[in-house]
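In the part that follows, the structures are each spelled out as structure tokens.
Okay, so chain A shows up in both of these, paired with chain B first and chain C after.
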Partner chain A sequence: MHVQQIVNGLMLGSVYVFVGIAFTMIIGIINFVNFSIPALFMLGAMTAWALLNVGVVAPLALVAGLLVGIVASMAVEQVLYKRLSGRDPVISLIGSLAFLILYEHLVIHILGSDQQAFPALLPDFNIRFGDIVVGLGQLCGFAISILLVFGLSYLLKHTPVGRNLRAISESTETATILGINVRRHVQMMFVAVGLFTALGGLLFSLNYLQVSALMGQEIGLKAIAAMIIGGVGSIWGAVVGGMLIGILEVTTIGLFGADTVDIVIYALLLLLLVVRPSGILGGALQSTQRI
Partner chain B sequence: MKHLVSGIALTVLAAMASTSPASAEDLTLGFSIAKTGPFVSLTLTNEIAVDMAVEEINASGGVNGKKIRLIKFDTGGDPKQASIAVSRFAKDDFALGVIGPFSSSECRVAFPAGERLKIPQIAIASAAPKLSEPFAYGFRNSINEGAIIGSVMKALKEKGLPAKTAAIAHATDDVVSKAIGTKVLPPLFEQYGIEQKKTVTFQYKAFDVSTQVSQIKAENVDIVGLGSPPEAALKLAKELQRQEVDVRLIAGTPAADPDLPKRMDGAGQRMTIGATFFGGYDESTKSFSEAFAERAKAAGIARTEPNMYDVNAYQIAMIYAEVMRRANVTGKQSEVAAERVAIQAELAKLKDFPTLAGEVTFNADGDALKPIYVMEIVGRKWELLGVYNP
Partner chain C sequence: MTGYLEGILVVLCINAVLGYAAYLPLSIGQINLGIAGFMAIGAYTSAIVTNELGFPLILGLFSAIAVAAVAAALIAYPVLRTTGIYLAFATFALNEIVRSLFLNIELVGGAAGYPVAVYSGILFPALVAAVVTLLMVYSGATRAHIVLASVRRDEAVSDLFGVNIRLVQLIVFVVSAGLAAAGGSLYAHYFSFIEAQHFTVFLSITTILYVVVGGTRSVWGPIVGALIYTFLPELLRDSGEWRFVIFSALIIAFIAFRPEGIVAPWPSGPGSLVARWVGRSR
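Presenting the complex of A and B:
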């Protein structure tokens, strides 16, 4: 059973990793805490669920979920980055919170606030090794996250786009003077974040077979904690932080019960902020491994 | 400018009209609805049931020759809002009584507020033990979970179903779910000689209960006593299915959602619960269910089958009509305080009042006594195991 609990922890952590990376990508490049990310996670899943519910075929419903995630992310870019960049960052931060609430309540208004069962598109979306059950959705999510981290590392280190993104993350003004089309790169990043986060929501739904208008909130909070624990702006930090929180959560539930989970995680977060404000991997990596 | 001033004046007049107290012809009742919140799958349709009851009462001549007028307040399942609702009903709307609030969490704050204002409230679903006991004006048209789950245990024993060992799984962030897990199930298991091997907890909003299910799986028990709203019951049942744990869930009223078997989609087979309504029981419940379904469909609500809380809410409106009749209430604003006292006295005396789904009596604590229907999930529907009187 201990092995199953470790698997449970790693699989749970992979959900936080997925969303944590999305937060990191956007913070790392434009230093913007995009609180609308949990809503993008939810929009991908809820769109697919709503379409499946009215009889749309699964591949089309899943693609529509991804597209809605991209469009919603671009709306955030259009309003908060295009119009408000250069102003007090608090305005953008509050604006992204407003987007989170707006998207959630639009979905509540249209589809209701009930938790809904996501249809099992595959009869058993799990693999089994004897008594050990591993959710394929989370496994795919984790694999995609790791691939993305490697891909991002390669992109940042070896490609012109990566060099441009690193320049933007250092200073948008300097990047502009150097002739980099900052706006286009930022738009690309918002598209990637929308796509990646909506995909996370879909994989989550396929695995947990549940969706709701507020499904992104708890995951979003833990993903932010994962990002901070791992090291803000470090893509590997989001992976380490997410996994750590997953294992910690499972261990705490096993030892002390569900009520103590948040106490342990957020106490660790505060302790780390005091002892090592840069997080576990913050400052330890080369700039090419950071965004 | 002139148009603007007259526009503002009209708006102010309209606002005043909409918030003005009831006319002398009306008997006003407040209704604390929860159209969102933790129990939304149970609460969303309560309004349909109450509207049905009020329309029936008014269509048959009203009460003492007066129509019943409903004032609705959406609490969103939030205890703070439930407290604000009762205060508004009592002070601003001159209501004679309140239908609601819904949950035990809401009752914990709304009952003390109602007690200070001396306005009767009849909760729709609250079933946490002893919650209404200290309050003369707080009634609950629900049976305490000890009696409900006690009936489930009785049914298991009578049918000879396996129940030698048990685990408990309960939500910690909902008053009644926690009470079921900590105060109701352990003594019941002891009473029925069932060995309790494990207790696991979760928060009802938690999306992942794999850890808790792995813990249950390790104990290899016959039954799992569950204290949780339907959403969390759904998650737990799906995870039990995913981890291939073959166990019977037993639960009380928080999980009594008529749509649960469909939403389980194959999980949670043999889950056994107690409830105070079973739609297919007799002709009157069937006919109520049909009329309810038509309205739910017209309102565009996915669930068209009434749940026990819809029926509780319907019964509450009928109970108010009866006690207002007995107390000869007039609805006059000057008499409101005295008439609330008279209504409270009649409620406290209510005995064997015939309603849809059985006779209702309020006991000394202000809790209802009425028949309990024990049912289990078979396929995608609930099937009746037996009917028990508390």
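Presenting the complex of A and C:
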């Protein structure tokens, strides 16, 4: 029973990992809190839902969801980039919040604000390990999130692009002097962020079978909590934080009911921010010095 | 006055008071995402003391402000240890904790919401908003405004010139919480019903957004922002749904071209504005 709950928590946590990584990458490399990310999560899922609803074949609808997520992310970069390099983090943060509200309300206006059922595309197939039951889709989501983390980790450590990104995160000016095209790398990062987040949204809807225009809010806020708890700017921190929040959420629901989940998670977040702002795996980023 | 117009004017009063609650932290360069949480504390306090203890409206308002200010002063020490984006995160966590606490208190109806017996009408909110605005405008003409601006521009230099940064931050945090609670009290007594789910962090966010449009460098900014935010959907009759779309697009345009907001010194003449725009889009 308890093992089953932890497994469920890990599966839910892998959704937070996708979104948390998107947040942490942008903060880690250009020190920008991109609050439009919850909207990208929702855009991927809602686009796919809307297209499936009008009879588009599933693979095409899912790819379209990813593309919309990427385009929406690039739009944020296009408009806000000039402000990102400035010293005032407040302005860029507010700009990304405005994008969040804009995207959500565009979708509400076009597709409505009701919760919708996402069609079950994956076969309803469960895998059993002894007493523990895991859905196939959930296991796939979990596996993809782990692969993604290993891939990203490798990319940052061992490839020229990763080296450039790390240089940018140290100092944008020095990176520019050394001949790195900072803008291009930032754009690449926003594409990656749009892709990961929309992918997270699609996997979430495939597994939990419900979507709505406001679905990104709750997931996004918990992913932020996960990222901070794990350690801002650290990819593995996002993984640890995401899994921890997932397990915490599932066990709290089991013990005290659904209404107390937010109290537990956000109290933990506040406590950690005060006691150890660098998070569990933190230390990679001294952002207070840069802002 | 028609009920329709009255409703809009009361919303304007509430938005103006909340606007000042969001404006104060912004004026020293902080983002306080906990405004809706303090608004909830104010709304529930005011509702409880008038419902259960039979307090009159005005005492409900003062209790709301007092309770929120004390709560803010107590939580300020740990929260204000964080800076920059971490402060935004900490206040965001605070907001969600307060909201979920009220969601779980059965005494005030839990998730079902809480009816408020004492009804305020329009005069009381108008009076409160006028007093708050006058006080803020007056403070804008005093040394306080200069101190806040200097803290926003450069904390280290302000510190060198003898400004007690921690104290300024504490006062701003507490006064902002009190104003948010006043807004919450007005809200509770005009709409006669409150529920915890109204006071999410997104309420704090929209408040901050309209203040940014109005301008965070002048005490008139929040009023201008509240005016635009309140009347925009009325100007776009039958398309209230578009309010947030147009409003957020407006914000994005402002952030891209004029991050200071509407009320702030404009560059001399329209020509230089164009020059600035061309310069930026290079």
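By definition in this document, the second predicted complex is superposed on the first by the 264 of 291 C-alpha atoms of A that agree within 3 Å, B and C clash if a C-alpha of one lies under 4 Å from a C-alpha of the other, contacts with A are read in each partner's own complex, and residues count from 1 in each chain.
To be clear about the criterion, contacts are C-beta pairs under 8 Å (C-beta built on N, C-alpha and C of every residue); 3 or more make two chains touch, one makes a residue touch a chain.
Just so we're clear, the structure is a prediction, and the values are computed from it rather than from any experiment.
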Touching partner for A:60 - first (chain B), second (chain C), both, neither: neither
Dominant toucher of chain A (residue count), chain B or chain C: C
Touched partner set for A:143, first chain B, second chain C, both or neither: neither
Which of chain B and chain C A:210 touches, first, second, both or neither: first
Partner chain(s) touched by A:108 [first = chain B, second = chain C, both, neither]: both
Which of chain B and chain C A:161 touches, first, second, both or neither: neither
First (chain B), second (chain C), both or neither touched by A:117: first
Touching partner for A:127 - first (chain B), second (chain C), both, neither: neither
Partner chain in contact with A:91 - chain B first, chain C second, else both or neither: second
Contacts of A:178 with chain B and chain C, given as first, second, both or neither: neither
Residues of chain A that lie at the interface with chain B and also at the interface with chain C: 108, 259
Residues of chain C defined as touching chain A within the complex: 26, 29-31, 78-79, 81-86, 88-90, 92-94, 96-97, 99-101, 103-104, 110-111, 201-202, 205-206, 208-209, 212, 241-242, 244-245, 247-249, 251-252, 255-256, 259, 280
Chain B to chain A touching residues, read off their complex: 36-37, 40-41, 44, 172-173, 200-203, 205-208, 210-212, 214-215, 217-218, 231, 234-235, 238, 242-244, 263-265, 302
Chain A residues touching chain C - in the complex, by the definition given at the top: 27, 33, 79-80, 82-83, 88-95, 97-102, 104-106, 108-109, 217, 221, 224-225, 228, 259-263, 266-267, 269-270, 273-274, 277, 287-288, 291
Chain A residues touching chain B - in the complex, by the definition given at the top: 1, 4-5, 8-9, 11-12, 15, 108, 112-117, 119-120, 126, 133, 135, 204, 208-210, 212, 214-215, 218-219, 249-250, 253-254, 257-259
